[in-house]
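Below you'll find a set of structures to go through.
Each of the next two complexes has chain A plus one other chain: chain B in the first, chain C in the second.
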Partner chain A sequence: MKNQDPQHSTDFFSRRDRAYEFVRERWDMMALAVLAVAPLCVPALGGALGGQVTTLFIYCILALGLNVVVGYTGLVHLGIAAFFGIGAYIMAILTVPMYPFQIGFLAATIVSVLITAGVGLALGAPTLRLRGDYLAIVTLGFGEVVKVTLRNLEQITGGMKGLNPVPPPGAGVKVAGIDLGLAFAIDPRWFYYLALVSLAGVVLAMRRLEDSRLGRAWVAVREDELAASAMGISATRVKLSAFAMSSAVAGLAGCLYAASLSTTADPNAYDFNRSIMVLCAVILGGLGSIPGTLLGVTILVGFDTVLAPWADSLIQQMNINPSGLILLSFSGWRLAIFGLALVLVMRFRPEGLVPSRRLAAELHEAHP
Partner chain B sequence: MLRSVAPLPILHKSQSVSVQFFFQQCLIGLTNGALIALVALGYTMVYGVIGLINFAHGDLIMLGACLALSLVAALGLSMAGPAATWMGIALLVLLCGLFCGTLNVAVDRLVYKPLRTAPKLAPLVSAIGVSFIFMNIGLFWIGSADRSFPELLPSANLLPSDSLQFNWKDLLVVIVVVPLMLGLSLLVRATRLGKAMRAVSQDQTAAALVGIDVDRVIASTFFIGGFLGGAASVIYGLYINTIGFQMGFQNGLYAFTAAVLGGIGSIPGAVLGGMVIGLVRALSSAYVGERWTGAIVFAILIVILVFRPEGLLGRRTREKV
Partner chain C sequence: MKSAPFGLGRSNRSPLRGVADSPLLDVNRLTVRFGGLVAVSELDLDVIEGSITSIIGPNGAGKTTAFNCISGIYSPSAGSVRFEGHRLERPLTAGICWRAIGIGLLTGLLCAAAAVDVDRLWLAVVKRGMVTGTPFTLVDATTRLRGYFRAELAIDQMAGKWRVVSADGADVLAITRELSEAKALRNALQAAVTARRVGPGTVPDTSDLADVVEAVPGARQLPTVKEHVLDRLAAGKKRIRWRGWTGLFVGWMLGTAGAMAVWQRGRRSPHIVAQAGISRTFQNIRLFSNMTVLENVLVGLDGRIPGGVLGMLFRTPANRRSEETARCAARDELAFVGLADDANRIAGQLSYGDQRRLEIARALATGARFILLDEPAAGMNPTEATHLASLVEQIRTRGVTVLLIEHHMNVVMRVSDRVAVLDHGVKIAEGTPAEVKRDARVIEAYLGGA
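For the complex of A and B:
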């Protein structure tokens, strides 16, 4: 009798391994299929829920942009929301009736993405030579400067009111007798699909980038800048390209955000808290890992929009907190929970929930 | 024609008023700057020794201010006589200093110490996490709204001039900050601990090789930085008179800017940087508008980092590989 039980068990494991590999390789297509069909099956996505999921997709795009700088290239970036905001405001300036441009969604998106990439280059060119932690502070300071400027330049940005109304994409464009803009305005599912397609495009682009010459250069600079330079990689140029790429993607997310809300909202939507939440999502999910980043954003947005309101209403129903003490409300613990999550992840699983294999190896090697 | 009678005296008068206004703003700026410098020292010392931007430092000071507020109520200081008030303030500075120092050491032991050999991103992100936790504690402690800190000191002007104001609150800042700074520089320059701190900040391994207990030195650094922050929190409450659970972020950022401006890791640099930032803040609030102050300060920070990353008094160092 040869190969009885051992054979059996390896078979079992290899089958499970294959299933795991299948999920690992094909998760994107499976998720895309489910999300593409969902609006047709779930009527709630035609209402407020659709808007929330659209916002989730937009944050996913933003986080994927941040992941280029923080995950692939290993630089600390604390001002991604500034680029998100610049994207949103340029989109608004180019489309709102208050300004004479009104060039339409697609053209405005292209211009806006180019400008945010340019701003990223302009900020990065002089500062990327700095030490890593100084760069963190420069990006943080830049975020504050942008927020204050957006708030104070009332003639241009509308101050605390923001700019509105941002017309829906395709306003005035008729397809088969239907005004596209009207369709977007009436049914949130149009925005859902727009955001989903954009997200899928960004994910695809990121996967291609990961394996490209540039993507490998990013990772090389993260792992060992000196060694990378010795191999002929210009570290400053590689970092700069990462910075510009991340700014451009954040700008795209900003465009979608302004269009889907039909306003830029007030400048506080683009402050340090937004930057730090997106950073938390990337770190929690897994630096340099696309599925990790998406999962991280989903967890954080899910916490704020699903878990916290649910737990709060549960507490209210059970009448634990009749006097409305903040200590006894679930959402009162939000900051502590996020903070503790960051500390614990950094301590015990610095590679995040869905690690990128290479980064995980690198991080564990660093612990002697 | 130029000698026409009326305008000249008015011009003269307004000029002297504007000059006095300028000096007044400078005085405000320097007093504020002393406060910023005290916080900046906490950043610069920790950075000098372990190379960590301690993001939680601003929020540590917020917690100190919460304790100060609770202590003022508990001790009934708002009703005390002048002598008792000054004694009470001294006690507040001591207690809040001890509280913040101990808390800082505890956080170092629990959070940063296990990450000493990890990549630099790890302690930085952990510090952001700690700052969130501190903010949440502050939220539970004093609530989400800003709280007014009682005025304990009389607002009488101490200068003979009417137009130049320097009152007891300003004096308080000076008499708390100056001795603390002198004490600190004495400690760093003239004691064994100070020598050990300087050694650790130059080279941890070499310091350990010559028998310095590196962990103890790092803990002392956190304690001293925290103690100065605790003292700053009391003065902040008494001087600014408003505290809130979110105050740590912005104040921390100003102080950090000051530390970088002076040259991070350099103690005189932090003091100088604090003074400069205080002046810039006061003057830009007076002449440009308060709402632009934040943008101006951070724009200066970016410009300094680009053109003189080693700061005003720092030494140029290459990033170690």
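For the complex of A and C:
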């Protein structure tokens, strides 16, 4: 608490506090500046690493979407990957050459976001009156239903093959004689910037919502549904709006995902594991906290998609593990390390790595 | 309707319309039972606009239960609560019926899609449009859609050859090299299928399909089409339509019934009561304890802040203005209860008395005309209780009617216009404070029988 309040700090701490305060206030612009410049300085971002970091950004968007329901509104949501998948598949259906629509990336994104929000509403309207565990079961079940549906509607979704190729954004659009789609296809840095801009936009939107009527209503419903209701807030409607918002953001992430991979991948990419991984990232980082969510995703997903493959290739290069033992491969330990990290965080920092102001206050009060 | 304070519009979300004569609140033979226990029994209570009315009684007399009933948390087992002459329930309007029917229609379409196999429908309408070489047009798609529901034979392409297939693509009747042949063959086969009669009592059609094929120039190949396949194709139209309509109807009924059930269960809800203009505080303080003091009041103001999600997302000038107005209004409310300096503190960290006052500020912020205070002075020392009493009197001067549950008799006797005494769920006395103080039954209820 002391660090957050420079007026009451002693001189001894003031310098450190000021630096802390600066980072606390300006972390977003600093991170954005570093990430915006990075591709120009780090050549590896023009290769496979660029694609991996793009995926990381997309997961950040997905996690921010989940954070609306789980963090702000306090509902358990175990099926966010379903909305991610729906977004990706609608993107693909509207753009792949095998279907007649081919309406282009931007229009497809808008339609896809609207449809995922609508699906979120359709799922939420009858079920959000359920409390706690029951809602968790509904969302879990919905996730499975969507996965199986995507797998079984073979004519529409291509079954296990998925839909491809999803054309890159701006395919066919020529800017100064360069086909934008071709540029996207050749250089991963285009996608890197697209994902970064989308992420920045989502962060900005979340900030604004946090600090507006709707955001306050979300938190109020989380804190005390009955009291919020007695203040004239329709808890169902507020939860529904959170659900729709989260679905829409997850749909946006799905669109970017499909476009950046140029395929929807198979339906198993949108299964329960993915939902849980994103949920873990949100909890690890701090429920209801934007920087926390971003950090949580960076740690968990970054570990999974960037660090683990890199460590594996390193082990292979150094010829430590010529027989291919799973025990010696780094990614074989992935889930164990996940679990350990979560246990440690829950033991020593239950509010998450970067807790939201509100939860931090609560937990500091509990342990004076 | 009185002008709203602080320049913010009064909530116009109230589903209860119309204004009627006083009494402002009319509780009529209100009974609440929990299983066999009667918590409140045939309570009659009128609250005149602009008054302060107190409900007192020993612990467990049913005071809070009556409050919960008025504020929509419980449903009365019998009797009614009317506010400004209206029941505190969401009325059944035409809009709700239409919405239920609309939801039912969507459910019906979903069921119908599943019943007619949307996967094969997609194959027939979209995918076949992409393989037959001609550009995809909406007219063709509509034709194919109609064809699917008439179970007509269609043409598609597989491995460079043209095939005559059933509408759902399950049966392949012929394979040819040229599209024109396929078209001719399709028409001939379709005529054969249409001519075929199926069902009980019909004589089996033994006409040879090979004749049909031979009549078509250029046709080369025809896999043996079994009798039962032809029967199935001939019955296809009836079947697909039966499925579609059944799915639509069942889904529609289920969806409409479900929407109406949800409406029925959400009829009485605290937020409907609050939107009608009744606000309350709680006996066990229910603040949003991790939000700041100011935010707590802003949540109370929620219904009076105009603007939609897009305004919030894009921070339009209108949105910024309304937020600013709301913050001013919230600060005014805090100043009213004497918490102006604590606006940015976390609500849970306030002292007990301050939390109670914050709850009052939050309740007043809703713009309510009627406020229910549930033991606002509980846990306060005599000085704080005196301050609270004057606060309650100030609330009245704002034109807000107060209904109070309180155990501090000093507060009750000082502020109340009327006092109702409850014991074991029954109202045993009602009148001015002086009358109630003298009432023998009240004295007995409090001190026990002589």
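One rule holds in what follows: the second predicted complex is superposed on the first by the 310 of 368 C-alpha atoms of A that agree within 3 Å, B and C clash if a C-alpha of one lies under 4 Å from a C-alpha of the other, contacts with A are read in each partner's own complex, and residues count from 1 in each chain.
Convention: a contact is a pair of C-beta atoms (placed from the backbone, for glycine too) under 8 Å apart; a residue touches a chain by one contact, two chains touch by 3 or more.
Keep in mind that this is a model prediction, so the values were computed, not measured.
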Does the superposition put A:R151 against chain B (first), chain C (second), both, or neither?
-> first
Tell me which partner A:E25 touches in the superposition: chain B (first), chain C (second), both or neither.
-> neither
Look at A:L340 in the shared chain and tell me whether it touches chain B only, chain C only, both, or neither; answer first, second, both or neither.
-> first
Is A:L130 contacted by the first partner chain B, the second partner chain C, both or neither?
-> first
Pick one for A:S234: touches chain B only (first), chain C only (second), both, or neither.
-> second
Can A:L327 be said to touch chain B (first), chain C (second), both, or neither?
-> first
Touching partner for A:F142 - first (chain B), second (chain C), both, neither = first
Applying the touch criterion given at the start, work out whether A:F272 contacts chain B, chain C, both or neither, answering first, second, both or neither.
-> first
Intersection of chain A residues contacting chain B with those contacting chain C?
-> 126, 152, 226
Hey, which residues of chain C end up touching chain A in the complex?
-> 11, 13, 71, 73, 103, 106, 118-120, 122-123, 126-127, 129-130, 136, 258, 262, 265-266, 269-271, 273-275, 279-280, 282, 286-291, 295, 298-300, 302-303, 305, 307, 309, 312-313, 315, 319, 323, 326, 346, 348-349, 362-363, 365-366
Chain A - residues contacting chain C, complex = 98-100, 122, 125-126, 129, 152-156, 205, 208-209, 212-217, 219-220, 223-224, 226-236, 241, 245, 358-359, 361-362, 365
State the interface residues of chain A toward chain B in the complex, per the touch definition above.
-> 74, 76, 126-127, 130-134, 136-138, 140-142, 144-145, 148-149, 151-152, 226, 272, 276, 279, 283, 326-327, 332-336, 338-343, 346-347, 350, 363, 366-368
Of all residues in chain B, those that touch chain A in their complex | 51, 53, 111, 114-115, 117-126, 128-137, 139-140, 143-144, 249, 253, 256-257, 260, 291-292, 294-295, 298-299, 301-302, 305-306, 309, 319, 321
